[in-house]
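Right, I'll just put the structure down here and ask away after.
Labels run A, B, C and D following the written order; every chain starts at residue 1.
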Amino acid sequence: MEKGRLEAFSDGVIAIIITIMVLELKVPVGKLGADISALKPLFPVFVSYILSFIYVGIYWNNHHHMMQAVESVNGAILWANMHLLFWLSLVPFVTAWMGENDFARWPVTCYGIVLIMNACAYTILLFALIRHHGRNSVLAKAVGSDWKDKISIAIYATAIAISWLNSTISFILYIVVACIWFIPDKRIERQLVGEEPPCEK
Amino acid sequence: MEKGRLEAFSDGVIAIIITIMVLELKVPVGKLGADISALKPLFPVFVSYILSFIYVGIYWNNHHHMMQAVESVNGAILWANMHLLFWLSLVPFVTAWMGENDFARWPVTCYGIVLIMNACAYTILLFALIRHHGRNSVLAKAVGSDWKDKISIAIYATAIAISWLNSTISFILYIVVACIWFIPDKRIERQLVGEEPPCEK
Amino acid sequence: MEKGRLEAFSDGVIAIIITIMVLELKVPVGKLGADISALKPLFPVFVSYILSFIYVGIYWNNHHHMMQAVESVNGAILWANMHLLFWLSLVPFVTAWMGENDFARWPVTCYGIVLIMNACAYTILLFALIRHHGRNSVLAKAVGSDWKDKISIAIYATAIAISWLNSTISFILYIVVACIWFIPDKRIERQLVGEEPPCEK
Amino acid sequence: MEKGRLEAFSDGVIAIIITIMVLELKVPVGKLGADISALKPLFPVFVSYILSFIYVGIYWNNHHHMMQAVESVNGAILWANMHLLFWLSLVPFVTAWMGENDFARWPVTCYGIVLIMNACAYTILLFALIRHHGRNSVLAKAVGSDWKDKISIAIYATAIAISWLNSTISFILYIVVACIWFIPDKRIERQLVGEEPPCEK
């Protein structure tokens, strides 16, 4: 099966997820709705929106990189991808919950749980792709030891535990993971380049 | 006519349908909005969201499989596809209605009716495609006797009837149909593979 | 310039327009929210949703047919297309307004005005395309005398005038136009077929 | 890396941004909801919707033109594009805020700030693309001295300053910038044409 429609469908879903989050920035109305002070209560919602925008952007970015190294898909991959999209679709909910409650303990914990589930779903999709393409494929070589996945899940878990003491530290830890992933997965890019010009040597 | 834009448009509509359902998970606000107990009333909404996410995922998956075996489309196919999208577009409404009323009798009945209409619309689209490609096409051979379609419509009808006695059993029956369809339509995949490598024999 | 992205963007916008209309079907809540009688006030909203779904479907369908005969686009065409999308984007608003006010006089009038503007925008796009491709292009020949466009604008105008006497008749006239357009623009299809296989003769 | 998915994802996000703005046109309800006078309070919302529709249309248009001259993308370009989409995603919020407060001082100021940030993000994306393709690429030659970018940022800044005296003048200045950009970036089109048919001379 071709990968084209899986990419198009994922692009569509991720585009909607990243955009509907902005709907949580509710327009201030009423007597003081036109004043700059009306934006103040929106500030935590805006901060959590920025973080989630970057997170969803990272997932799209890595999905893009991963799919570049893919040649075809099968039924298991379609469902592994759908599973990832499911957990991504919960990001707007936990983002809004966290933002509207000033980074309180429980919303911050749930945000971390959704991030962990996304990381797991991404890993499952990666495994499904590697299994389909074989241990010697570009993808399998490119990924190698996925320390980034493991370290981010560890930081998420720490953040969830710490949220019971101080949820601000948890939020900072989520930012740290975003920074780690900000740089797209160079491994796949390098592997692809390394494979394509064999005439160069 | 080419099938490209029909696929792109369907992908777009299905991507939006699957994503707007999450908007029904209304963010808890108020004094206790930050507590984990605030999520409790959202539980049935979340459960019905998961089921509908899987159902819409199944339809996208099978649409993807079906279109792989299609070479071109005509006016009748465009409208049969639009008809399927119409019934799919009602899934978010019945999902939210069912979830927000704790799986009460009437919402569960209507959910079943929308599922039956979707199954019928899918079958009509399949017939329109087979009629356009001929009785000897890959698609016609691949589909063969569509026991899955018939059995799921029968289970839906049973679930609707039972909903008057016990709507929980109806909901379990909907899950059963989802499990039956979870595995993508291997028939088309097999038929396509059987055609493509004739050199293998 | 290539037409690919214009098609993709239009597909995206039309897919969203057709899907957000369903959000006007507000889920009934409250004590009697789970009863079938709770759906009764939604009935006119549902009826107007069906009509608009078909209208937007017709526009997508004809857009699809028209673009098949197009080879390239220019700046004027991009803006003519954007203009059409603008008027299409107002369809959800007038649909909801008409449905939630039981087909009252003013909403029915405005619905008709938006339909007229859509018809005009479509004609402008067609002219921009013909001007770019030349009087002897497939498109120009295919369209010929566009009696359908003219007749539907005439019926829309009649419906708007009649809405001051009886808005139900206006609504029926809108259904009549939808029926006229239901069949996709065979002219372009025929013209394309007539051009492509010159070896057949 | 191929540019296809970046285009598709951007198309998706921009299509959603341009369409969700219409959701701010809240359907009038209540006793006088069916009267034409019910549309009167929506008028400033509608006017700001039109302006933002044109602005987002301009960005899509120029994005389209810019990407035509692009051959491949890298990680930096993906993030520069995501950055542009972030600022575009704030347009619906400031549009609604401005429209619902009758073009009051602060909303008009914020609208201008978001427009400036969009202009900057677009310029950053342009620089990232030129850096990737080289100083002698079609794109670099096509853009040349970008007086339009500079002039529009200057007008935005003026509009923000003036909004403290008279926010209506600011709004008119925003319309002026839209008029400047309305014509798509001919430079790229000309450069592309100039390159492709070398046989013509």
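We adopt the following convention: contacts are C-beta pairs under 8 Å (C-beta built on N, C-alpha and C of every residue); 3 or more make two chains touch, one makes a residue touch a chain.
All values derive from a computational prediction rather than experimental measurement.
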{"item": "Copy pair chain B, chain C: interface residue numbering same or different (half cut)", "value": "different"}
{"item": "Rotation in the CA alignment of chain A with chain D, degrees, nearest 5", "value": "90"}
{"item": "Distance between the centres, which are taken as Cα means, of chain D and chain C, whole angstrom", "value": "26"}
{"item": "CA centroid of chain A to CA centroid of chain C, Å", "value": "37"}
{"item": "Numbers and ranges of chain D residues touching at least 2 other chains", "value": "8, 12, 15-16, 20, 23"}
{"item": "Contact footprint of chain D on chain A as seen in their complex", "value": "7-8, 11-12, 14-16, 18-20, 22-23, 25, 27-29, 33-36, 39, 50, 53, 57, 60-61, 64-65, 67-68, 182-184, 186, 189"}
{"item": "In the complex, chain C residues that touch chain D", "value": "1-2, 5-6, 8-9, 12-13, 15-17, 20, 23-24, 75, 78-79, 82, 85-86, 89-90, 92-93, 96-97, 100-101, 104-107, 110"}
